[in-house]
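Paired with chain B in one complex and with chain C in the other, chain A is shared by the two complexes that follow.
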Partner chain A sequence: MKLLVCIKQVPDLESRFKANAEGVWYNETDLAFRMNEYDEYAVEQAVQLREKLGEGTELTVLSIGPDRVVEAIKKSLAMGCDNAAHIQDPAASGKDPWQIASIISSYAKGKGFDIIFTGMQSQDRGSAQVGVTVAEQLGLSCTTTIVGFDYDNGTITAKRELEGGIKGVVKLKTPALVTCQMGLNIPRYPTLPNIMKAKKKEIVAIPVADLLSEESLATTASFHPPAKKGGGIVLEGDVADLVEKVIAILKDKTTVLR
Partner chain B sequence: MNFELSQDHKVLQSAVRDFVEKEIKPIAMKIDEEHMIPDALVKKMGEMGFLGSYFPEEYGGAGLDVLSYAIVVEEVSKACGSSGVLISAHTSLANGPIYTFGTEEQKKKWLPALNTGEIIGCFLLTEPNAGSDAGGTTTMYKREGDEFVINGGKIFITNGGYLGTGVLFASHDRSLKHKGISAFIVDLKSPGVTILKNENKMGIRGSYTTAFAFDNLRVPVENLLGQEGKGFNVAMDTLNGGRIGIASQALGIAEGAFERALAYSKERRQFDQSISEFQAIQFKLADMYSRIETSKLMIYKAAWLKDNKKNYTMESAMCKMLASEAATYVTKEAMQIFGGYGFICDYEIERMYRDAKITEIYEGTNEVQRLVISKLLLS
Partner chain C sequence: MKTLLIGEYREGKLLDSTYELLGFAGQLGSETAMLIVGSENQLPAYGGTLYLADAAACGEYNPDLHKKLILEAVQQENPDYIVFVHSSYGWDLAPRVAASLKAAQISEVIAIQDGGFEVGCCNAKMRRSVKPATSKAVLTIQAGAFPPLQPGGSPTIRKLAGDGGGPLEFVGYEPAEKKDVDLGKAEIIVSAGRGIGKKDNVPVIQALAKALGGEMGASRPVVDAGWVEHSHQVGTTGQTVSPKLYIACGISGAIQHLAGMKKSDFIIAINKDKDAPIGEVADVLVVADVMQFVPALTAKVAR
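The block that comes next holds the complex of A and B.
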């Protein structure tokens, strides 16, 4: 079997973000980068399946971006992926989800991947479109936001997280693509011996120009921090009135009293 | 010249950070209070490869380099100085001399269990009257047939309480001073080994500091480490490398205290502004960070020299001295920035302050480091 997991490197969310000179994305200077959290669940699930299926299964990890994304690739290799594809693109952050998906599809086409794992969304752009678009472009069955995964004899059984905490179970035939949500698993730590072993695994570098022929469908017009909010609401009056007001606000703005 | 970590080292650093954040930081205070690192954590650190980072894979090590080892000790010590010294003493002082001076048979026999953390190692040199002056060793050995018989005692043995594998130094003739000393690999579970006590200490309270008595401890002749009478060389070479580990521990303690002090200085408000807006605090932060970065550069340089098989004696002495003095300085200033809260155990700064002091003393006092540095300058 052939498995593919797609990962993105994103800035540490505790970073202080500033807009870049063009005002359409964040300035990368001085930011610390790490693997997108949802992609870690995807890697862990893919590695678990790889271990379950054993010999004869090959797990490839793919990432698009500048040289720094090799760090995230190496982490995935140390977690248990077999080999990697680094799609070299210093301008990946300026591409829209359609272009990113097209690059992945163009790479995966004809390679016969049985299952593709992606994160539910990236923590920086957060479009949640790349995985499903790849599935559509490659004609794969697809399900999203999975929190449980099982595979047996050509069929995936995935537990999905729905609105309001409700769960659903979906069965789909391979080839398929799943997008992974928090709660699916606890990603393993790359151990030192596995970091060493990862050094010997192959990382194929492919210039993005070899894979991308699509124009972007959407462009980012501006990137800016949220406007500063005013202070909280101060309620005044006697206690009975206050209780009524608080209940009204809770009913209106939250789900706790519904 | 390039001062940036390689991508492989960055992957390692981030992996260790994640582990420390989830597995060590939440229990660091408990480790100090209970004077014990939980066995489960020791086991997990072994599984992570923290206890054999730079030894070859054929001996159960992770096969990485000394810089990786320094990074591991540094990151672990940011959260817990006790866990940091466990790794440092075990790796540099037990696995290290066996790897450097051991025969192929000795390496195959002893290293795999040490490198994977199944057994914890220690280094038995210090005695009540032989600290910096190792030539004063009074633990004696004599040969009887195919065995050496050892009598005497050792004190201040880091990791001794685990009763694992020790590298022990003993003399066969006190009049020969350091030339009478030999090194032995000993299984501390053998008959004749008694723990006199595990010391109650000011800092690194989770780490065992053990006093031993040896009463007719019998060691097979094949456990002689290096040549007979060359034990002093084994000890000096081992301590040389060990200084990089202790420097990394000190650096980690300093960084841990600095991170907390920096964050606190931005949160704490007095006179309608955060205290980080006062120049008195800003200057403290500048001094603290400069000492941290200076130490880090020297540690990484010493590690790089060792990895590249170059002489690193002076750099290891300098990095140990610089980092340990940075640790005591930074933790003291961090406590000052925290004010009264720093003195309260809940804020962890007081633990780091207590943990820092020993780094100026063990693995060669800083006075000995200055001796090493000046001797090399004037030789």
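The block that comes next holds the complex of A and C.
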């Protein structure tokens, strides 16, 4: 079997974001990057399936982006992916989900992947589009937001998470694509021996121009902080002072302390 | 301008979020038509054209067929926008429709702007204005962002035929896990988020909840990691709460968490990040390390 998992590298979301020179996305200076959280669940699920199927199964990890994304690729290899494709694109953040999906689709086309795993959304853009769009472009059956996954003999049984904690159970025949939700599994930490082993695994570099033929369908006009609303107060300073202030507020504004 | 609104129906019921689509269309000032894969017994209070397919025959989750039905209505109505709620139904189906039409999709719209739409990004900390570059566009709107509108009246129904089939088989629903705590009744909730750092710190949050005579809640990652039982989870996939006091400890304020607690009477957030989006709903944002602040507060309260 051939498996593919698509990962994106995103900034640490506890960072401060400033607009770039064009004013349409964040400035990358001073940001630390890591694997998109949803994609960690995707990688873990793909690796678990890879382990279950054993010999004869090949798991490829793919990421589109500048050279920094190789770090996230290496982590996936250390988690247990067999090989990798780095689609080199310093301008990936300027592409819309349709274009990103089309790059993944042209890479995957004709390669005979039985199952493609993606995250349900990227944490920085959060469009929740790329996975499903890839499935449409490749004509694969697809389900989204999975919190349960099982594979047996050409059939995937997935649990979709719906609102309020209800789940929907779905069966689909491969080839198929699934988008992974938080809580699907507990992603492993790469161990030192596996990090060492991963160094020998192949990362194929492909210039994005070889795979991209689509124009973008949407454009970003601006990137900005939310308009400040609400009259909430912000308290800063020494912990003992903060405690005094909060106690005073609780007494003044709520009925919980008497 | 015309929008085709895709209503939602689940487990035999029309979902209220369907009226948020009408609220959105009202703000956009657009003509509307609606499509629902649902039932004649559950019609929306809406006087426009309703494309109706029978969920009993088509399946409630059968995206490949639902896509075809939507494309049929698109052909008849020629709308400028096809609009879904950004829900497990909408985000699953919208990209399929967009791809078939090769139309731009803009996800999780929170506001309408001149010629474009505002969406959140970077975990709700920032915003983008996005414009479609195609003549038709597919939109999903953030749940709760557009106040619902119930125009009343009864729709002019156009039936769409369709039945089962497709590469995907829907087996059935699994009910939500049983709740052993009913946070809905709690007057005070102190919730633990990922910012508490590790499972060993959960008792620190519990202690504050206890000192205040309340219950402990949690954000999802804390539940997924197995630190706290699912029954404590607050948010779209957990419980919706509206206590007198909600204290969010090390919670960033993602929309799915806010959806479950923003109606609380008074909200205090403790976060080391001054820009954390929880600040948008908090009455008080305490910028501090949660593991230093919370024990100190508990000590004072308990005294």
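One rule holds for everything that comes next: the second predicted complex is superposed on the first by the 231 of 258 C-alpha atoms of A that agree within 3 Å, B and C clash if a C-alpha of one lies under 4 Å from a C-alpha of the other, contacts with A are read in each partner's own complex, and residues count from 1 in each chain.
Just so we're on the same page, a contact is a pair of C-beta atoms (placed from the backbone, for glycine too) under 8 Å apart; a residue touches a chain by one contact, two chains touch by 3 or more.
From a predicted model like this one, the values you see are computed outputs, not experimental measurements.
Ranking chain B and chain C by residues of chain A touched puts C first.
Of the two partner chains, chain B is the only one that A:191 touches; chain C does not reach it.
By the touch criterion stated above, A:249 is placed in contact with chain C alone, chain B being left untouched. In the superposition on chain A, A:83 makes contact with neither chain B nor chain C. Legend: residue contacts after superposition of the two complexes on their common chain; A:161 is shown touching chain C, with no touch to chain B. In the superposed model, A:71 lies in contact with chain B only, and not with chain C.
Of the two partner chains placed by the overlay, only chain C lies in contact with A:219; chain B stays clear of it. Against chain A, the residues of chain B that register as touching in their complex are 7-8, 10-12, 14-15, 18-19, 47-50, 53, 57, 61-64, 68, 72. Chain A contributes residues 11, 13-14, 16-17, 24, 26, 96-98, 120-121, 123-129, 132-133, 136-137, 141-145, 157, 159-173, 176, 182-183, 186, 215-226, 228-230, 232-236, 239-240, 242-244, 246-247, 249-250, 253-257 to its touches with chain C in the complex.
Those residues of chain A lying in contact with chain B across their complex are 34, 70-71, 74-75, 78, 189-193, 195-196, 198-199.
Looking at the complex, you find that chain C touches chain A at residues 10, 61, 63-64, 86-88, 91-92, 94-96, 98-100, 102-108, 116, 119-134, 137, 166-177, 187-188, 212-214, 220-221, 223-226, 230, 233, 236-238, 244-245, 252, 265-266, 268, 273-277, 279-289, 292-293, 296-297, 300-301.
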